[in-house]
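Once you've had a glance at the structure underneath, I'll fire off some questions.
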Amino acid sequence: MLRRATLAALAAIGITGAAHAQTPARNQIVVMREIDSDRYDPHRSTALAGGEVMTMLADTLVAMAPDMRTIRPLLAERWEVSPDGLVYTFHLRRDVTFCDGKAFTARDMAFSLNRWIGRTTPRVTSPVAWRAGDVKEITAVDDHTLRYELNRPFSELLSQLTLFFASAIDPATVERLGDNFGVQGFNGTGPFCWGSWTPRQEMVLNRHQAYRWGPDFYTNRGPAQVERVTWRVIPEAASRVAALQAGQADITQYIPPAFVEALSRVPTVTRHTQPNYFWDVFMGFKVDKPVVNDIAIRRAVHMAVDRPALVRAVWAGTAEPARNIVNPNAADFDAESDRMVPGFDRAAAIRTLEEAGWRPGPDGVRVKDGQRATFMTYAINTLDNQRMGEIIQQALRQVGIEMRIQLFDATVAWGRLATQEFDAFFLSYPYVSATDALNLYWHSRNRPTPNRMNWADPQTDAWLEAGRSALDPAERARNAALIQRQLAEQAPWLTVARTSLTLFSSNRVQGVRAHGLYGAGLYKVLDVRTVR
Amino acid sequence: MIRHGVQRLLLALPVLFGVLLIGFLLMQVVPTDPATVRAGPQATAEVVAAIRTELGLDEPVWKQFFLYVWRLAQGDLGVSIINNVPVSQELGNTIGPTLELMFAALVWSIPLGIALGTVAAYLRGSFVDRVVMAISVAGVSVPVFFLGLLLIWLVGFQWQLLPFTGRGGPLWTMDGLLAIILPAITLGGVFVGPVARMTRSAVVDALQAEHVRTARAKGLGEGAVVRRHALRNALIPVVTLIGLQIGFLLGGAVVTETIFSWPGVGRLAVGAILSADFPMAQGTIIVLSAGFIIINLVVDLLYGALDPRVRG
Amino acid sequence: MSTPLLEIDGLRTVFRTSSGDVPAVDGVSLTVRRGQTLGVVGESGCGKSVLSLSIMRLVAHPGRIAAGRVLLEGRDLAALSAAQMRAVRGRDIAMIFQEPMTSLNPVHSVGFQITEGLAAHEPGLSRAELRDRGIEALRRVRIPSPERRLEEYPHQLSGGMRQRVMIAMALAGSPKLLIADEPTTALDVTVQAQILDLLRELQAQMGMAIILITHDLGVVAEMADEVAVMYAGKVVERTDARRLFDDPQHPYTLGLLGSIPRLDEERENLLAITGSVPPPFALPPGCRFAPRCPFAIPACDAAQPPLLEVEPGHGAACIRAPIEESLAA
Amino acid sequence: MAAPVKPSVLRMLGRDLGGALSLGMVVLIVLAAILAPWLSPRDPYETDLLAIMQPPSAEYWLGTDGQGRDILARMLFGLRVTLLMGLASLLAGGVLGALIGFCAAFYRRADGLLMRFMDILLSFPAILFGLALAAIFGPGEVSVVIALSIATVPLMARIVRGSALVVMGLDYIEAARAIGMSDGRLIWRHLAPNCLSAIFVFSTLRLGQVILLGSALSFLGLGAQPPLAELGAMAAQGRNFLFIAPHISVIPSLGIFVIVLAFNLLGDALRDALDPRLRI
């Protein structure tokens, strides 16, 4: 009833159109998002909020096609891999320049990749250096040839090299700005150049006029059609929805699920979806902290939360409820482990707790050996996290577990999530395959971040290593399956939802295509142009 | 006049000092160590120590304070922990929009409030008076965000009349003007009530003054009597009270800026506090307080201009 | 001496209260002749100030004129429109008040306040002409260096100066009638005399009539040609100044006179007035002075005595008048 | 000297329509807050995932919020939190402010210093205290209460000092001192009762303002934290669904408006009844 009325209202508005001013200028687009990044340095920032801007500011050796499988040339026009899978030789384009006009060389690329893996001075340690594989050496053979040598084969290297962490940046600018690289300026080879940044408000990018080397899945390979892209932070979901409808902004992927269906029916707005998209929302437990170190508690949490109902309430049809850690559509997904993950069964949850010795306390919270069943959860302050948190909190209260929640502004949250102050946390993350996902979170080497679960299991590490360096895909899948089953049984995290990428654009712009690499909806925006 | 000004200025100094001190102490008791925050989660102890020295955090507190005031006097408010941008630069970017918003809110609400209050005072006890007083007590009681949300919902969303996210540009452009209307109505809306209330009671008092009777005995028209002899005198207390209410307006500005994504100091302050950017938070608080003091000073001077007894 | 300048006939001014209309001025009739001074005397609260405000039609809400006529050169002021009445104020009738500090607006300069009324009545005057008129007005009231004073503010002036400014302001429009409501009460004695001298002098110069409202019989003796004595909203005795002092006919007047210490005469039974003025909402049915009157007889409580001529040109509202005869009787 | 709050005040309030109405409203609000557990149709934290964002209906009188919680229940319990926060800050700030005000009026030598200090406090708008304290202690109800208490101190001090000074000028204080009455006793017996009506009127009006400020801080995310039912925080949460289900934020906002309005009207009526000359 309510929904129908809302739809009617939204549709009516759409028909009358957004007549009033404040439309962005011609050839300029405004992209809205919910949060800002703390900085824009590809090697010091892992947030989507950073990545979505950096994919425009910088390029990588290779590009990921929208099917999320095919690797296409970008800065490298071609490459060879040695038969043992250890040496990659990239032949770089000769016409590439940085935003400041300087020519781009293999030395710049080598510097950037070495900086990623912490082999430059001053040393920068990217939290995701492991994504580069077990690197022996990255060197520039000549101005246009790059040699990437591994100690062990890494089956996923090319996919990893499409991510913004592997971006090419200008060594001179890095040296000049020091700590302020990506804060006060940037110099890359991307289709757009750093204009100005007002943290938590606006990031302005200007067209890179010399850009001609866009990936071949774009009709226009450069320069970009629009002269300026303004990334505007609008924390209020409702304001983003309205601004899009009113034509005050052009594109956003941050539309709360509750609005997606209604907004899709507004004629002045176009919806773009990307089916090849793996971005999961989960709740992780620090397995070495009191209360949540008890497998009974963790399994009880799984059984207490009605994930399908929760996902329906929070994501309103734009996400699927999850069970296993890995999306069933992703490579190396293990169906058996999906069945092993405990599902919603409140009675079973209570039984599990009782059997483990957690007895109801005077205030309804269970107690075991003088320890109350209470734990602290940290998360970024977003609407979804707020709502999910409150629903889980209530669900746990009904089985006698107290969950406290502390939400942090995005700029602080990453710092707080790197500490050991909390017991559980909500995050969401993108991945390309099961091996990718498992490597990210479960290797003991990746503690304290991104392995915030403090999961340190030699067996897991061994399986991960084996899978990573396997040259045979079946061998890789077998190892991945073993880890998935282990985690299903141990329940160190609760996968809540599998989100989908939905991008909305106003009819003022055309040529929008949802991409979704590492969650970034827009990628290079080369084909986007304004029609008014 | 000049003496009065200098006197007020001298009186404002200890207040300003107090503001600085409180602002400084507030940040001293913050449980989070700025150096650790700035160094980032992966920093080694040496890096943290180096940053501590760089920030002067190893000095005794009193020395840190004077260091701080000294830097402040040179316009150096420190550097944001989040993005290393000088706080003064960020404040420079945001102070304009905030002043713009305050101006746009005051430019209609004060005249309207004064007009309503004067009419109510003149027609004291009448139906008009009751209506004005009802409006003003409602104005004093309404949460800023309620007014803002209603305007966004109805004017912005349902009727699609005006934009309500962000600043459209400088005020002299069409976009800038349109974008400021709803925020200015919101912020000004909660100010009309108090101004009308204060004006009414001041004008009621002034109307009873004997010089008003003198003015009437001179054969002046009612308009001139009310304007020159009641309102003109009532403005003296009204201006003072409006000055005192500016703090109230600042609070409203913080909420208004947040609701309308207005890129001002208030929104910067909330953002800085939520992201534990202490130098930025400190800077915004000092600037907002200093602004408050300056406004009060201006009001004091205006008081002098309005009241010849003070001038002499 | 055809028509008198001002003729008040049966003026009744009431105040609306929660217990009905209360009269402050109750059926007062008076005449003022051109160039002459009428003194109105009475204790505070007797309605003399309300009377003066009623003439100007400046009685504030909740008061209003309920009955009677105020004829200025035959024109009924009570029947004028608000705009017509404004034209009368300041030009035909001007007024000065008791408290020169509060009666001047502290936020406007002396010059502005003096010329403001002129500008209202003669819109054609230029700035320079207004200034000249202002200077002239100040000079008339003997204020030294008027050019400079014009720029000053009331708080910069002494009490006497302020009252001179008030007078200058009132006389700037050359009125035919000046109502002076206790013009010297707030001033100290030496200044009082100066102001009274000034008023007399100006009256002679400009030929205006004055209604002098005061509680001070000394001032009346010095200034007035005719005197009306008011008690509880009514005129109880009316005659010329000489006769009032020589031959008072109303017991209240006697009382007032008695309360002036006299050096030339020893009086055994000094007629001091006991009790206090009855509040306007609790007036006795008969003679309003009866409860305090040493000569009261039962008949006094029966009906209000009308103002009757005891002799030509001398009226008194007392059934026992003339007093000497009744005392003798 | 009897306390000036006598039954006659109630009678006077009763005679004034606005006063009677506002008194009735305040009584209803307070009763609703006290009786929340008994009045509430269901648990304010219970989420019904099958009934999210429901408009007001026979089952949910005020509808449900984004998590399927009953808004009526949350309003009733939120009223408690909102009122308690207001009362706590008024009490803490008021007591301290009154003490400072008495001291300033009584010990004239301390007056200048104390009042200058109060001026400095006044230079910090309340919302800035809220921001600063949220930075120090982290966002939460405690920060808000402390901030609003501090902001109330100088106001109360000024009011009390003003009323106390009037009494201090009277002869009998000198007389009482002369007969050797102790300072504390003098303040308690003579100064305090005379300031009571001013304190009473100020407190009523201030309670409205404090609630308004507190809800604004909660709305900004610096006060009460979700899922705690607090009206400002509820309005903030509902803001996200403003265009889909406006009642989620409009109802709590309206609630705050009504509460503050009731206290402001009552304060005005009290002032008119107790002392029309008070300028608060």
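Letters A, B, C and D mark the chains as written, and numbering starts fresh at 1 in each.
One rule holds in what follows: a residue touches a chain if its C-beta (ideal position, glycine included) is under 8 Å from a C-beta of that chain, and two chains touch if they have at least 3 such contacts.
Nothing here was measured: the structure is a model prediction, and the numbers come from that model.
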**Message:** Following contacts chain by chain, what is the lowest number of steps it takes to reach subunit C starting at subunit A?
**Reply:** 2
**Prompt:** Whose Cα centre is nearest the centre of all Cα atoms in view?
**Reply:** B
**Asked** B-D versus A-D: which has more C-beta pairs touching?
**Response** B-D
**Request:** If we define chain centres by averaging CA atoms, which chain lands farthest from subunit A? Would you check?
**Result:** C
**Request:** Indicate the whole-number Å distance between the mean C-alpha point of subunit A and the mean C-alpha point of subunit D.
**Result:** 45
**Asked** In whole angstrom, how far does the Cα centroid of subunit B sit from the Cα centroid of subunit D?
**Response** 22
**Item:** Centroid distance [mean C-alpha coordinates] between subunit D and subunit C, Å
**Value:** 54
**Interchain centroid distance [CA atoms averaged], subunit B/subunit C, Å** = 53
**Item:** Multi-chain contact residues (two or more partners), subunit D
**Value:** 221, 239, 242-243
**Asked** Multi-chain contacts in subunit A: which residues touch at least two other chains?
**Response** 236, 238, 242, 381
**Item:** Contacting chain pairs - touch in the sense defined above
**Value:** A-B, A-D, B-C, B-D
**Asked** Which subunit A residues qualify as touching subunit B in the complex?
**Response** 9, 13, 16-22, 38-39, 44, 125, 127, 179-180, 183-184, 197-202, 232-236, 238-240, 242-243, 245-246, 248-249, 381, 408-412, 414-415, 418-419, 448-449
**Fill in**
Residue positions on subunit A within touch of subunit D in the complex are 1-2, 6, 10, 236-238, 241-242, 256, 258-259, 262, 306, 309-310, 312-313, 381, 383, 386-387, 389-391, 393-395, 397, 405, 407
**Prompt:** Inside the complex, what are the residues of subunit D that reach subunit A?
**Reply:** 45-47, 49-50, 52-55, 66-68, 221, 225-227, 237, 239-245
**Asked** Along subunit B, where are the residues that touch subunit A in the complex?
**Response** 37, 40-42, 80, 82-85, 90, 93, 152, 156-158, 160-166, 168, 174-175, 178-179, 259, 261, 263, 267-268, 271, 274-277
**Item:** Interfacial residue positions of subunit B with respect to subunit C in the complex
**Value:** 209-211, 213-221, 224, 228-229, 232-233, 236, 306-309, 312
